[in-house]
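Note that subunit A is present in both complexes that follow, paired respectively with subunit B and with subunit C.
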Partner chain A sequence: MSNVIKTAAFLAFAYIAVPLAVGSNTYVIGLIVAALTIGGIAVAWALLGNLGGMVSFGHAAFFGVGAYVSALLTLRGGWPVFPAMLVAGLGAAVASVATMPALRLRGPYFALAILAYAEIFRILATELKPVTGGAAGLLSIPRLPNVLGLDFGSKLGGYFVILTIVVAAMAAYHLIRRSAYGLALKAMHDSEDATRVVGVNSTVLKAWMLVVSAFITGMVGAFNAHYINFLEPDYAFAGQWTTLAIVSAIFGGYRTVTGPLVGAVVVYLVDQLAFKPILPQGHQIVLGVLLGAMILFSPGGLMPMLMAKLSRKEGPAHAA
Partner chain B sequence: MAKLLEIESLRAGYGSINVLWDLSLSIEEGKLTCILGPNGGGKTTLLRAIMGLVKTGAGRVLYQGTDRTNAPTWDMVSDGIAMIPEGRMVFRDMTVADNLMMGAFPRKCRANAPKNLQMVYDMFPRLYERRDQLAGALSGGEAQMLAMGRGLMEEPRLILVDEPSLGLAPVVVDEVMAILDRLRAEGRTIVLVEQNTNKALKIADHVYLVRGGKVVLSEAADSVDLGRLHDLYFARDALNEH
Partner chain C sequence: MLLELDGITVAFGGLIAVGDVTFSMAEGDVLGLVGPNGAGKTTLFNAVSGLVRPTRGKARFLGRDLVAMPIHARARAGIGRAFQVPQPMHELTVRENLMVASRFATGRIDKQRIEEILDLLKLGHKADADAATSLALTEQKALEVGKALATNPKLLMLDEVLAGLETAGKRAFMHTLSEVRQRYGLALMIIEHDIETITRLCPRVVVLNFGRLIAEGSPDHVFNDPEVIRSYTGGEAA
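This part shows the complex of A and B:
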């Protein structure tokens, strides 16, 4: 199958088959929307973690900033929801500029520094009471609107919105990866010194990946705010937005475009449908076990493992 | 002939350890200038300082007549200086073809990249045969050719080659030197840093001997007296003074 056919099949499945099959079941569609929300952060995280080579523990900051910017613009500024969501992405991108000193650090040091940055934004949201409402949070955030007779405020409408955000994020990932910049980012994993020698401004390139990743995460955060209509700092900046996304991305295969999304759907649905009924408290600990097992059996993640299985079935001629 | 690159009383080093002590030299356009010298003499540091990879403490780097001291590495590359670094520095986890395309990263090189890629493959048929293999699987000689090919993809006005013979079999060294000689014949400006005195002298136009962070000899290559060069190289002059 060529990539065009694969992409078309995926889009038809997501935009047509899924709504037709489960669109009337608000419980299931609600679960899928939540999974896609994690999936959106996971794609953005993988963009930075894979292409940019930087493991971030701080994506909750961009998620929270996006959520608050969009909620405040619509609540206090009277903005329409969709433009506010775009500006929320920009707001998260601006927030990422504030975290850029962390780019001077590498590996685990970057991860920890950005974790600390995320905490700063949570404290800001808690303490800036006149603007954000403080710990009490924001209530009755406008829901997603009716456009041309389509009610995006419904569960199914929300599904189309978050799906579109995730698809756009994956398209951006794909385009960046195959550009000269994608090649340069890949080369940077090998040796940053050598990439400088061939004329790559590696600092600027890494900064851009952070900005793009933050922008996407901010959009996802904004979507979530309008979808659940409520925000408080401990929720908007919760560590789970980062950890679930990381688990999803690594479980699914963070070096592939589809891995983070597939990982999010599998991880979230398995967690909610299988583990939560058995272990109402602390069911997420099982995710750690799941992730550990995946790393042991297929360090590349779920997608590379499935691909290897598929190509074996098709015969060695298709192994490439 | 015009001076393409001039180094004026350059000081550079690593932290508190200074390596270059007021080093001055100049590179003429269209010539192959060879910088010889013993280990630790500052040859690589000089190249790294020109490229902005090592910060300089004093002195100036003049390229095409303008002061480019401590300019960012990527600016030096897009202004036409290609460095073929010591130890090749190829991207081991990328294919040969992708490695070469990395050389065409500067924006002005991208349009001509397909044409230049063909030129590099013509010059190094072995790279064409191995274009889809990972660079980590190449032999030392092939990796050196890949590093040189990558440098040529940058459409350089000035090529800095740092010890291309390092760790290569003598027959491969001859091959590398033949390629440098060919590039010189094409009229390219080359700075060759070497320890292999005899082979480097055969293709050089001008020779500098760098020892202890200073230039101790500057001469046209055809008038170099090998005996005197070796005396200076091994610091026998210093012994005689005592």
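This part shows the complex of A and C:
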């Protein structure tokens, strides 16, 4: 199946089949929106992790900054929601510039440094009471608007908005990956000196990946703020936004474009629909076991494993 | 002048790897850089290509200060470098390796030049193969040269690219290098242990020993220099 057909099938499934199948079930569509929210961060995280070669434990910082920027612009500045969400992405991108000194670090040192930045942003949001409302947070954040008769403030409307953000993020990931920049970024992981001596400015490329990743995460954070209409620092900058995204991306296969999204949907929905009813307390333990098993038996993640199985299945058919 | 090195010194703590080395190259020059193991040849290459920063001294390339220039900018200025141990860019095909080099060093992907390089280095049949896992040693060495050529260099620095090749492979590769030089008219700086190779390829040779330049001149001249002979034999000159 060609990539165009696969993409068209995916879009038709996501934009038509899913709403037709479960659009009227607000509980299920709410769960899918939550899964897509994590999926959006996971795609952004994978873009930095796979192409930039940097493992970030601090994406909650960009999620939180995006959420607060959009909430404040709409609440205090009277901005329309969608332009505010775009500016929120830019705000998160600008916030990522503050984390750039961490780019000098590698491996776990970078991961820990950026985790510290997330904590700094949380403390700032807590302490800047006149602007952010402090620990009490922001209430009555404007909901997603009604445009041309489409109510994006509804559960189903929210689904279309977050789906579009995630699809756009995946398209950006795909385009960057297949460009010369993507090739250079991939090459940098195991042969940084070899890429630098042919003219690649590795620091600038990594910085760009951080900015793009932060922008996407900020947009997702902004969406979430308008979807739930409430914000507080401990929620907006919670570590779960990072950890769930990392688990999803690794489980799904962060070196593929679709892996992080598939990982998020599988991890979150299976957890909520299957494990939580059986184990109301500590159901995440099962996820931990599943992730461990995935790393042991298919380190590339779910999507590469499925693709390998499919190609093995198709092999004899082609031969025949 | 293409390259001017003036008193280049590279020290790692108390160890002087390269000490007060001065020489220059004009455009189109071919220079052999020889010396026993540990003489400082690769460190000098690293200093010119930017992988280490000289402790002292001046380096200029086409009149521009090299010492303050970042590594990627040196490639863009026209310095191409092939490593002794091939360093293919992982996860990329042979052609993609050349595309990255072309794009980032020159600002555009010069497809015609890439195909020309693939043809010249006899890598056409492996153009779409994985560069890190699918190439024989000779092909890896060829790709190393190819990446440097794709940057459109004015100076090509080759660090023992013939090492590990058997005699026939070495001769074929030397022939290819001569073709490369003729085709692109670039200057070559070559590190090589094999005296025959150096004598054939390089009209001028610089000899290093313990980081110091001990002789410079034609191959005949330097390989008969008593100090050079001593440096290789560790004893008295014949």
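Rule of thumb we're sticking to: the second predicted complex is superposed on the first by the 315 of 320 C-alpha atoms of A that agree within 3 Å, B and C clash if a C-alpha of one lies under 4 Å from a C-alpha of the other, contacts with A are read in each partner's own complex, and residues count from 1 in each chain.
Convention: a residue touches a chain if its C-beta (ideal position, glycine included) is under 8 Å from a C-beta of that chain, and two chains touch if they have at least 3 such contacts.
All figures in this text were calculated on a predicted structure; none of them were measured in a lab.
Model built by superposing both complexes on subunit A: subunit B and subunit C clash. By the touch criterion stated above, A:V197 is placed in contact with subunit B and with subunit C alike. By the touch criterion defined above, A:L150 reaches neither subunit B nor subunit C. Applying the stated contact rule after C-alpha superposition, one finds that A:A17 touches neither subunit B nor subunit C.
Within the superposed three-chain model, A:A180 lies in touch with subunit B and with subunit C [touch as defined at top]. Counting contacts by the rule stated earlier, residues 180, 183-184, 186-187, 189-191, 193-201 of subunit A appear in both its interface with subunit B and its interface with subunit C.
The residues of subunit B lying in touch with subunit A in their complex are 51, 53, 72-74, 77-78, 83, 85, 89-94, 98, 101-106, 110, 150, 154. Interface residues of subunit A, counted against subunit C in their complex, comprise 180, 183-184, 186-187, 189-191, 193-202.
Looking at the complex, you find that subunit C touches subunit A at residues 49-51, 70-72, 74-76, 80-81, 83, 87-92, 96-97, 99-101, 103-106, 109, 132, 147-148, 150-151. By the touch criterion given at the top, residues 180, 183-184, 186-187, 189-191, 193-201 of subunit A touch subunit B in their complex.
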